[in-house]
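One structure, as structure tokens, below. Some questions next.
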Amino acid sequence: MPDTASKPQATASPPPPASQSERYSRIRALSEEICAPLQIEDYVVQSMPDVSPPKWHLAHVSWFFEAFLLKPFLRGYREQDPAYDHLFNSYYETHGRPFPRAGRGLLSRPGVSEIYRYRGHVDAAMEELLERPPAEHAAEIARRVELGLQHEQQHQELLLMDILHILAQNPLQPAYRDDLLGTAGHAPSELRWLEFPGGLRQIGHAGAGFAFDCETPRHRQFLEDFRLASRPVSCAEYLAFIADGGYARPELWLADGWSLVQQAGWQAPLYWRREEGQWLEMTLGGLRPLDLQAPVCHVSFFEADAYARWAGARLPSEAEWEAAAQDAPVHGNFLESGFLHPVAGGGPWYGDVWQWTASAYRPYPGFRPLPGSLGEYNGKFMCGQMVLRGGCCATPLGHVRASYRNFFYPAMRWPFAGLRLAKEA
Amino acid sequence: MPDTASKPQATASPPPPASQSERYSRIRALSEEICAPLQIEDYVVQSMPDVSPPKWHLAHVSWFFEAFLLKPFLRGYREQDPAYDHLFNSYYETHGRPFPRAGRGLLSRPGVSEIYRYRGHVDAAMEELLERPPAEHAAEIARRVELGLQHEQQHQELLLMDILHILAQNPLQPAYRDDLLGTAGHAPSELRWLEFPGGLRQIGHAGAGFAFDCETPRHRQFLEDFRLASRPVSCAEYLAFIADGGYARPELWLADGWSLVQQAGWQAPLYWRREEGQWLEMTLGGLRPLDLQAPVCHVSFFEADAYARWAGARLPSEAEWEAAAQDAPVHGNFLESGFLHPVAGGGPWYGDVWQWTASAYRPYPGFRPLPGSLGEYNGKFMCGQMVLRGGCCATPLGHVRASYRNFFYPAMRWPFAGLRLAKEA
Amino acid sequence: MPDTASKPQATASPPPPASQSERYSRIRALSEEICAPLQIEDYVVQSMPDVSPPKWHLAHVSWFFEAFLLKPFLRGYREQDPAYDHLFNSYYETHGRPFPRAGRGLLSRPGVSEIYRYRGHVDAAMEELLERPPAEHAAEIARRVELGLQHEQQHQELLLMDILHILAQNPLQPAYRDDLLGTAGHAPSELRWLEFPGGLRQIGHAGAGFAFDCETPRHRQFLEDFRLASRPVSCAEYLAFIADGGYARPELWLADGWSLVQQAGWQAPLYWRREEGQWLEMTLGGLRPLDLQAPVCHVSFFEADAYARWAGARLPSEAEWEAAAQDAPVHGNFLESGFLHPVAGGGPWYGDVWQWTASAYRPYPGFRPLPGSLGEYNGKFMCGQMVLRGGCCATPLGHVRASYRNFFYPAMRWPFAGLRLAKEA
Amino acid sequence: MPDTASKPQATASPPPPASQSERYSRIRALSEEICAPLQIEDYVVQSMPDVSPPKWHLAHVSWFFEAFLLKPFLRGYREQDPAYDHLFNSYYETHGRPFPRAGRGLLSRPGVSEIYRYRGHVDAAMEELLERPPAEHAAEIARRVELGLQHEQQHQELLLMDILHILAQNPLQPAYRDDLLGTAGHAPSELRWLEFPGGLRQIGHAGAGFAFDCETPRHRQFLEDFRLASRPVSCAEYLAFIADGGYARPELWLADGWSLVQQAGWQAPLYWRREEGQWLEMTLGGLRPLDLQAPVCHVSFFEADAYARWAGARLPSEAEWEAAAQDAPVHGNFLESGFLHPVAGGGPWYGDVWQWTASAYRPYPGFRPLPGSLGEYNGKFMCGQMVLRGGCCATPLGHVRASYRNFFYPAMRWPFAGLRLAKEA
């Protein structure tokens, strides 16, 4: 296990115990804090089908509480507007007909203030429900509230991803915030190869804490001995791949990745650009000189996989990653660290950048989705996507754990995603 | 010429003479009045590539004055932001590289207040230029100012078209304004066939007043005797076409129109919908019961042409239209009438709905575009589009004339466009 | 009128009078002669949606006789296969449901020999019908037979266009025929400007000979004085346009053309390529060094229009072209000349290359389509296309005339199309 | 293990030992036998980008021997045509630039006879090489010859898949062969649930026989106890899923599958159609009444997965399948059985239909691709595809084995693919 105590890094200790009601307030407030630096116009834009307008996020996470808690459990609850059940349903086909995802940016109404009013409306009702939950449903309510809060935390990260993508389309290159902590001056630890013994390992979530259905059931998986790099790949290391013709050598790429490289003209990570001989990167703090020491970020699975092949290594499987990380404390550079960008020298396993794994996102043996419409939360996406592990600089503190499975399509580059290398022992 | 004196209609008399500076102020103010009912979010959305976000319109028309008047003629002029010359250039390729049209909705910045500040910045500089134009360029300046104002009037209509299109995408069906005059209770005049003698006629603009380059030169055209309907086709008449299977009978359609009908599933004009046996129409005043008496609106050229064939008639050529209308006064239901929707019993030739003609938009014999980048204003669009005549309920008063040539692609339905029938004599 | 008597050119005199039955046999035989050099595989390919597999052409023209003559007029006629009425209906929606155009290349069956058998089947029945036409329909039959033969002649040219396009996709660059006459050594006449007086002119077809419905009615059109170039633009002249940056200067292009230039990367006419500093052209005779003297061919309307603007000229209107050419004999380099490629020094008005005009393909005043399904022949295509005049090196002798209106979309480059310049007087 | 001895099924025993040269001749001949019923036109069509024209297959498999054996190892070898190295390279980017896959149907040349000549040319040279292989490369040559033959066998199945797809596009619904054995009258065994113990199992190829690189290395995998159905799902069973609204219930589908169902309008397996109340299926023997007893075929992974969910079961992992089947003999309904269609009552594990598994096609732990360009054979496709097991009625006898990993994208329906159900123990 690498010694990282002396590194200048953010710390992500587990949140102190709190009542669910306090937790509700705190998490709901954070979503609004994230949006505070936005101008009203920024709330409206959908820069690609995968991105949602920030005001949609704010409404959708409220709809989640309305649809799955207030309507079923709060007697006498009245919606602010019945149309919202259509507009802010993301993809719950068994709940109702969702408004088409790619059209979210067509909706100027309800406006931002109306959506904040909707949040207040939901919060007031949730406060009532949390204070006096009907006894026969109290356990289910507590479970769903926790799910709703975890869901909102996921959208907090999505908000930051989407805001960056929206602002990055703009030739003015506006900064989301001018006051973010700078990342310069932090140095990465030397890259070491950590050895892990194989054998039959327990993978997946167990125990009392919250986990998504896709992290369960805990099960056995046999691993060969393996080695993992002690930290993610840095921008300087990734530049060596580019300099060595990485984006022009088909033998390094999966076939679908190579097609994309050619069609889309990829030549560097998503937000990098070269101007007058200098590499710049668009960040939530605006356009900055590339921080060579920081972990490389905003690469697709295809790029991560090609880099690993070039480096004579491979990506770890999700089981290897989990086996390696499961006893380590969850600390690193998370949303609350104040960077909103990867920083060199961060936590050994968590934070900074999601780490693409070699594993397709598929159900664990014996997987059962949640009952009812909530069963659409994770299970139906288990095809065509790859697992990422570890959280990132836009993930709220306390949201991830060793068994946490994030997932994206292999071509996606707008997540805060990088990679860690693996090798056979 | 039909007698319409007794009809309840709006009157569009020529504007009283005014100094160019007064005219500048009045027209610039109208653009902002049009946007006054919008929420900030409404300014941002681009609902299809043909539509521009309202804030883009407001900035672009200002850029026009900046690019073609302030920069060339106002000594010491400083731009508010040099990036605007890229962002708000619509299609002047010889002036600079325009920002891609289809991406206008990706730009949350500059925000609405910034764009109003830009308008003020341009207006202050224009005031200075108009007060003390350099003598050697005074005539050219006056010509360009007039062009800039006519250009802004065109965008006033586009603003209303685009606002309607944006709001119509929204399942909430929000009204642009709740206080518009109602159209119910107006009755159309009886449809009569007006006869016009053929012969060698003068077509195109001549004389001192303003006209776009595409209206010139005035030239001779030979016409056979012809007949024109005394008013546009009404919604009730168009419903008969629908009821008779108009959208299901290929023999009524041009081939490209029939393809579209099938692909896009057209079954009625753009903003019509049938709910519980009743026809409704989305308007700038919100969703309303269809006004059967009003001229049919928001039909494509293909629909206009199919209707005419079904009715045993045809569309008029633009020369026929102009020969018929050129001595009539320009009055009818225009923007200032307060309906922002076609109304039965309006002006015999002008207002309510643009009238699709049978004529392709091509240069007149001897046509010369304006010199320099302003030559891109009209000439380069003279392919693939059809001419419309007469102005509409969203056209500013005084903007159209007998020789005015509007043009759209034959598939477009978001203009306020209807049709008038023609026949051989 | 230019003197071309001394030029080495093919002559296209009117065909000698012949019985309709002889004419039927001769024209039907020519279609098969055109296909004789093909391998069976060549008959099957559809290289783009606008192209049809040669075997489809051979069947479709036979279907035309079957659908419009044999079934209505030959008592007891039996189809070879009822499915052909669907497969080989091109676009007659009121006759039945046509097989989708873009899918013609999906059909390996019926095979080539089956289609030749179908031709024989139709020919035998047509022979019977032509020998003993029912008296009460004899006139209509004669009219339709002539239409069917003119239709087949159009497909003879389409066959050659499509064969060239099919073979040009192939990196092997196979020649359609190795034995075509060479075009080298012919020199163009010096370009002169021919002056034509304006005034009220008669345009359109009149008289006893065959014409398509779209050429009628003959009508008056007023023309200003104008000048036309004495011959089409040559490849050498077009190369000067390219060398002067013609494909990189937006001010020369219509807006839709400029979009295409950028999207499609056009840099030269369709079949030109530059290899090791030399310009080559793919032709029906295979890949050849570009014949600089020959008329430029396989340019779109957009390219023709841009060239004309660059040359300080314009394209002629179709009325100007017809007024100029209507008294000239129809001679020039046609299909039968044995070049199947434009040749320098050809006929002054006809042959070599279709000449793009400035006119949109729209109905003449008083136009009436043919009755019944045959009314779909021309009328429904009168939108979005441009008129071309004069015939080309792939047009059968005797098929064109002064009033003949060919038409294609402005982006199309696979016709044998070039241009002639025009100017105001 | 189910008793299938009494079932009317084809037997696929291992091929008798043969010299590699005999094996070469036999396998090469089979490709040509498969094509013997084709008309020349059938060889040319590419009915979708995934399909290749039969003549391309015949050439490509020959190119494989040329590129990887004759050029490197046969001194003095001369290509028939150097252009073929471009035209018939499928996807070996490190070997040279492959001709674009989606354009294979644009090539009428080289023609069919030329391609048979090419096969002869390659065969003659291969005979020479096989008779006198240079000693220092003999082992590598033998390995590559075997790979080339296995490759050709894969294309034999692809040929049959593609021929069916090509003929199925044709409204004439032509049969590939009229003389295929009928499938009616065979009855499926009763469906039983076979129980398998979990534990640490060995998966992947080991031993002396041929296997593709992707089947290696043999490695340990931990499995929970599981149950597998004793036979694939039948058409009758699948019809019950359809009748129960299977294609209209989003809760049964993976999200990407549900999108496809809606976009593409899937309502049944690929080649099924309902006419006058009867289900028909297009087969290599032409359009036939659906054989309800036969295994369902031509379903996508998405359909297989939805069916399994509907049935309260799941798909097996590839490891479960392999663990269950690895000791069973490889017999069942293969290409040589003479049905070319699934038949009820076939082999318990092999033949009839490929069985979609729940496993994404990813590298095994420690996977190493072949060196050089042959490394592109399998490894670069290990993303986005799902594994299928067991072979099908179009797979050549002796080609598959327990460790064989076939793979297709989850939306593909033109393979002969069905499914077997699995459950937890």
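Order of writing sets the labels: A, B, C and D. Residues in every chain begin at 1.
FYI, a residue touches a chain if its C-beta (ideal position, glycine included) is under 8 Å from a C-beta of that chain, and two chains touch if they have at least 3 such contacts.
Since the model is a prediction, treat every value here as computed from it, not as a measurement.
**Student:** Could you tell me which chain lies farthest from subunit D when each chain's centre is the average position of its Cα atoms?
**Tutor:** Between subunit D and the rest, the longest centre separation is with B.
**Student:** Can you tell me which pair among A-D, C-D or A-B shares over half of its residue-numbered contact pairs with B-C?
**Tutor:** Equivalent chain pair to B-C in A-D, C-D or A-B: A-D.
**Student:** I'd like the Å distance between the centres of subunit C and subunit D, where a centre is the mean of that chain's Cα atoms.
**Tutor:** 47
**Student:** Round to the nearest whole Å and give the separation of the Cα centres of subunit B and subunit D.
**Tutor:** The mean C-alpha positions of subunit B and subunit D differ by 59 Å.
**Student:** If you average the CA atoms of subunit A and of subunit D, how far apart do the two points sit, in angstrom?
**Tutor:** Comparing mean C-alpha positions, subunit D is 38 Å from subunit A.
**Student:** When you check subunit A against every other chain, which residues touch at least two of them?
**Tutor:** Residue numbers touching two or more other chains: none in subunit A.
**Student:** Work through the pairs of chains, note which ones touch, and then classify the graph as line, ring, star, complete or other.
**Tutor:** Looks like a ring, each chain touching just two neighbours.
**Student:** What is the complete set of touching chain pairs?
**Tutor:** Listed by label, chains in contact pair as A-B, A-D, B-C, C-D.
**Student:** Report the residues of subunit D in contact with subunit C in the complex, numbered from low to high.
**Tutor:** For this pair, the touching residues of subunit D are 39-45, 47, 55, 83, 86-87, 99, 103, 105-112, 166-167, 169-172, 174.
**Student:** Across the complex, what residues on subunit C touch subunit B?
**Tutor:** Interface residues on the subunit C side: 91, 93-94, 200, 219-224, 250-251, 253-258, 301-302, 305, 317, 358-360, 362-363, 365-366, 375-376, 380-384, 410, 424.
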